[in-house]
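Below: a set of structures, written as structure tokens.
Both complexes shown next keep chain A, but they swap its partner, so chain B is in the first and chain C is in the second.
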Partner chain A sequence: MIKKLSIAIFILIAAVPVLLGLGYALMYSLGLTGILSEGFTTTHWEETLITTTFWKSLGFSLYIALVVMLISLFFSLWIVISWIKQLNKGSLSYITYLPLAFPAIVMAFFSFQLLSKSGFMSRVVYKMGWIDSLEQFPDWTNDEFGISIIFSLCLLITPFFIILYSNLYQNERIAELKALAITLGAKPSQVIFKVIVPILLKKSAFTIMLFVIFIMGTYEIPLLLGRQNPSMLSVFIVQKLQKFNLADIPQAYAIAVIYILLIASIIALVYKTRPTFFNSSSSS
Partner chain B sequence: MKKVLQILFALSIVFPIGFLVVLSLGRNWPYPVVLPKSLSLENWSFLQQSDSELWQTFLLSLLISIIVATATTALAFVTSKQLAQSKYRNKLMLLAYIPYVLSPVILAATLQYYFIYASLSGSVAGVLLAQVFIAYPFAVIILNNFWNHKIKSMEELSRTLGSSSWQTFKKVLIPVSKNALLLCFFQTFLISWFEFGLTNLIGVGSVQTLTVKVFSYVNEANIFYAALASCLLIVPPMILIWLNKKYIFATETVI
Partner chain C sequence: MKKIIILITILALAACKSDSKNEQLDLKNASWQQIETEALGKTVNMMMWAGDPKINDYMKNYVAPAVKEKYDIDLEISSGQGNTIVQLLMTEMQAGKDGNVDMMWINGETFYQLRQINGLHGPFVDQLPNSQFVDLDNPFIGKDFQEPIEGMEAPWGNVQMTLIYDSEKTDQLPQSREELLAFAKANPNKFTFDNQFTGLTFMKALLIDIAGGEQALAGDFNEKKYGKYSKALWAYLRELKPYLWKKGETFPEDVAQMHQLFASGELLMTMSNNDAEVDNKINEGLFPESARAYVPEFGTIQNSHYLGIAKNAVDKAAAMAVINFMISPEAQLKKQNPEVWGDGTVLDLDKLPGDFKTKFQNIPARKYAPKRSEIQKNALQELAPEYMIRLAEDFRKEIING
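What follows is the complex of A and B.
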């Protein structure tokens, strides 16, 4: 009885809201509900899939997610491999945790005050005589490459991976494997690229996948630091929903449906290939 | 060289905190002056006025986060045990990951209609409920790992020695799960404390949490108050993370 009730509560809170939201978004996008509803139509879906702004937004979100992950993984692996002793003891072991206290909106605000044309960096560069006016400072915020978005996300995510990898380094007894590889004649570069990095990446593959999805759906940072076109998916959807043009709402819901289905498909695909990923007690 | 890099790394982490504190003390920052011209504690004077708007916002955020963290941790503790012992454990965990990885603002966008229909839009109750939708699955994911064979054996031993279900729960399971519960509470508190998009959409600007306030100040170009609200936002997580690191990470490996 308790087991059934627990499963029912879990499904009610974890799955039902997602299904209800998906259902409403699907109905709205198909013209079955909403203010402008005139019955079933696939027009909004056709318009969504034809317009380049949606694909640009999806591509931009994926680009940001992949670049952030690559940079964060590079720095976190490099820092952990180089400073593992310091990361486990002393002040560095505490300092590394500090960025976890930063909400995304605060990091976005900090990055804006640091990197914008009138920000701290621009002022320092001006004082050093490298630029003569504010306009000469490069566009690092609201730019087409999402430089400040990437910067903010890297600041938020890299410490998390440093902590994760320094824990994995101990749990997977990498120091012992390293010593063994050296005894067997491996060069330092071989120890890093053939032993340490593959183990750490393999053990964190699921977390990396989750973070790519996380970053694709991030909202606060691109809202403050991004531009209207291309914008990241969540900003794109909310902007379309909150515009005065009511005709945009069904398209916003169509994009939301695509995004939810995309996430669900990725997770289902991982479940199909590696079911133990979702139960870390059995996978470890 | 290694030491220099480590110092630079430490500085790059500490710099944002120092920068925000300096900005929160500032009043006048014309270009190209590097630091604000006047620094004083004037912006922080709200601390002496219990009825100030920022205090109210801080307390509301704290209240929402404590309620969400307490409710989701308690509920997840009871339900995750049953889920972990279910033959559908992996499938249920798969479901738990969907709201957790789905962008909260997109979930809020698709659920907005129901919140308006239930008259929960723009209310604290609505924001609480919406935050539970994303914090509870995460709490289940954290606590799922706790219910292993060792805990099951302890529970069985307690029952064999004659204790009732309630006694086993109160005298065995709660004490041994103290660290896992604290970790879960901290993490769900942080989810709620950091939340902006979902809170802003469901709260429609009427429920002013600290994250919403930072955004309002940024929109008003009031950078000094935005910095002040940002400082208030990072203090409680810092305390929690320090406690987490000092007392829990030594025995738990879950991040």
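What follows is the complex of A and C.
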């Protein structure tokens, strides 16, 4: 009875609102609801699917997510493998986990102050005489490669993976496996690349996928540090949702539904072809 | 399991239940005395842009205590503007629920959107005793984005857009489109405009200038004129684009970011829809004391901001009482003081009772902003709202994505 009650409460709190929201967005995008709705239409879906802006935005979001994941994974693995003992105590753990205390918008402002042409880095470089004017400092904010977006997101996400990997390091008894590999004659590089990294990556594969999806949907950081073209998906959707033209709202919902369906399809495909991917205990 | 489903259903229904309170008074036919009586002791929820500490201070420490003392009204202020208000009302109206917001600070495009969704209560302005002092014959006040307000929103303040510069860095101020282009060419990466309301207001002034002056685009939206003159505007902006901040490949997301870029020296100019803002920002310490504001000769938009009452507001009478106080001579006098806010009044000084006219004339002058009388000659009226919608869309297509 308690189990059933827990399931019902979980469905009520977690699943029902999401499904209702998705249903509402779908109806809105098809003109079936909304104060200005004029009846069923597929126009908003057609407009979204044929416009290059949507696909550019999707591609840019994926690019940012993949680059951020690569960098975050590299640094988190490096830090965990190099300093696993120090991570569990002392000032290193404090410094490493400090960025977790930053809300995204604060991190965005911090990066802007640090990396813009008139920011801290620019002034330091100018004072050192490496550039003749602040203008010469490279474009690292609102730039075409999303450098400051990537920088901010890496600062926010790397600590999560450091925590994850330091826990996995203990739970998977990596230290013992490492000792065993060395006893069997493995070189230090082989221990890292053939033993430790594959285990940690395999164990965290599903989390990595979820984080890619999470990064693709971030809003505050790309809003302040990104460009209007291409913009990340959330910025693009809010642009349609909250600008001056109320007739654009259904298109914003259409973009949101298409994005959700794309992500859900990818997850479903992975689930169907590699069900063990979702089960970290049997994937090693 | 059945019991659980029933429990969930009951909970869901309870959550959906409206907490509506029926309006007892027929407001449209009520006397002001009846409205004031009805307003006593109520709570009024006001939604407004809360991005300026001086404005917040005026509302929190002057208006709220005043209406508490006068009517025992608790004025609760929440942050939100423009589309947030529209979206909230749309959702509430669709759900058939009473409003969480009674009154809101709106202007032009929001007024247009709220009229589109029939989200405003009114007409109510004529019922407010202090509306007799409002300068409704002034087209900058009586019309909002070319649309007569028809009593559906009460004028609250009047401002004009200015360009803000640092007098120690810039002495040759561009006065025409040609001079602006030359200025940008001479100072690459040092000029831009934002991607929001202020930037669009700036583009509207350029469009009016291209069209041949204020009267050229007056009245309802004209597709033919828009097509003709917007082409010239995009051609002009394309010429300007390579010299803009970040080569015009991106634009600051809002005016706050522009102010920051100006303060840090990355931009030579910023903009404001409030002609007194340069004083505010210097007093706050954000801008250097050498910052000044001006209006170029091609003109800038002057517009008013307004107070509206939501159609689904719970306490409309109390909202009317609050609005009546906010357009009173004493509240407007306080608001126009640059030390307080510096917002232009919407009152006709010749209609004011007692010595209020003298008091308004003796408000301490703004130290850094130009005098209102000096910039009035270059004031342009707002265009019909469709111009803004089209400019926002086409700016994205022609300049940002172009």
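The rule we apply is simple: the second predicted complex is superposed on the first by the 251 of 284 C-alpha atoms of A that agree within 3 Å, B and C clash if a C-alpha of one lies under 4 Å from a C-alpha of the other, contacts with A are read in each partner's own complex, and residues count from 1 in each chain.
As a working rule, contacts are C-beta pairs under 8 Å (C-beta built on N, C-alpha and C of every residue); 3 or more make two chains touch, one makes a residue touch a chain.
All values derive from a computational prediction rather than experimental measurement.
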Chain C versus chain B on the shared chain A, clash or fit after superposition: clash
Partner chain in contact with A:135 - chain B first, chain C second, else both or neither: second
Touching partner for A:35 - first (chain B), second (chain C), both, neither: second
Chain A residues touched - chain C or chain B, whichever exceeds: B
Contacts of A:118 with chain B and chain C, given as first, second, both or neither: both
Chain B versus chain C as contact partner of A:127, first or second or both or neither: first
Which superposed partner A:224 touches (first chain B, second chain C, both, neither): both
Partner chain in contact with A:53 - chain B first, chain C second, else both or neither: second
Identified clashing stretch of chain C versus chain B [74-82, 200-208 or 272-280]: 74-82
Overlapping contact positions on chain A, where the chain C interface meets the chain B interface: 5, 118, 134, 223-224, 241
Chain B - residues contacting chain A, complex: 2, 6, 9-10, 13-14, 16-17, 19-20, 23, 31-34, 75, 78-79, 81-83, 85-86, 88-99, 101-107, 109-111, 113-114, 132-133, 136-137, 140, 144-145, 147-148, 193-194, 196-197, 201, 211, 214-215, 218, 223, 226-227, 230, 233-234, 237-238, 240-242, 245, 253, 255
Residues of chain C touching chain A in the complex: 1, 4-5, 8, 11-12, 82-84, 86-87, 90, 93-94, 109, 113, 116-117, 189, 195, 246, 249-251, 253, 257, 261, 264-266, 385, 388-389, 392-393, 396, 400-401
Contact set on chain A toward chain C in their complex: 4-5, 8, 12, 33-36, 53, 116-119, 134-135, 139, 142-144, 223-224, 226-229, 241-246
Footprint of chain B on chain A - complex, ascending: 2-3, 5-7, 9-11, 13-15, 17-18, 20-22, 24-25, 79, 82-83, 86, 91-107, 109-110, 112-114, 118, 120, 122-124, 126-127, 134, 155, 159-160, 163-164, 167, 171, 210, 213-214, 216-220, 223-224, 233-234, 237-238, 241, 252-253, 256, 259-260, 263-264, 267-268, 271, 275-276, 278-281
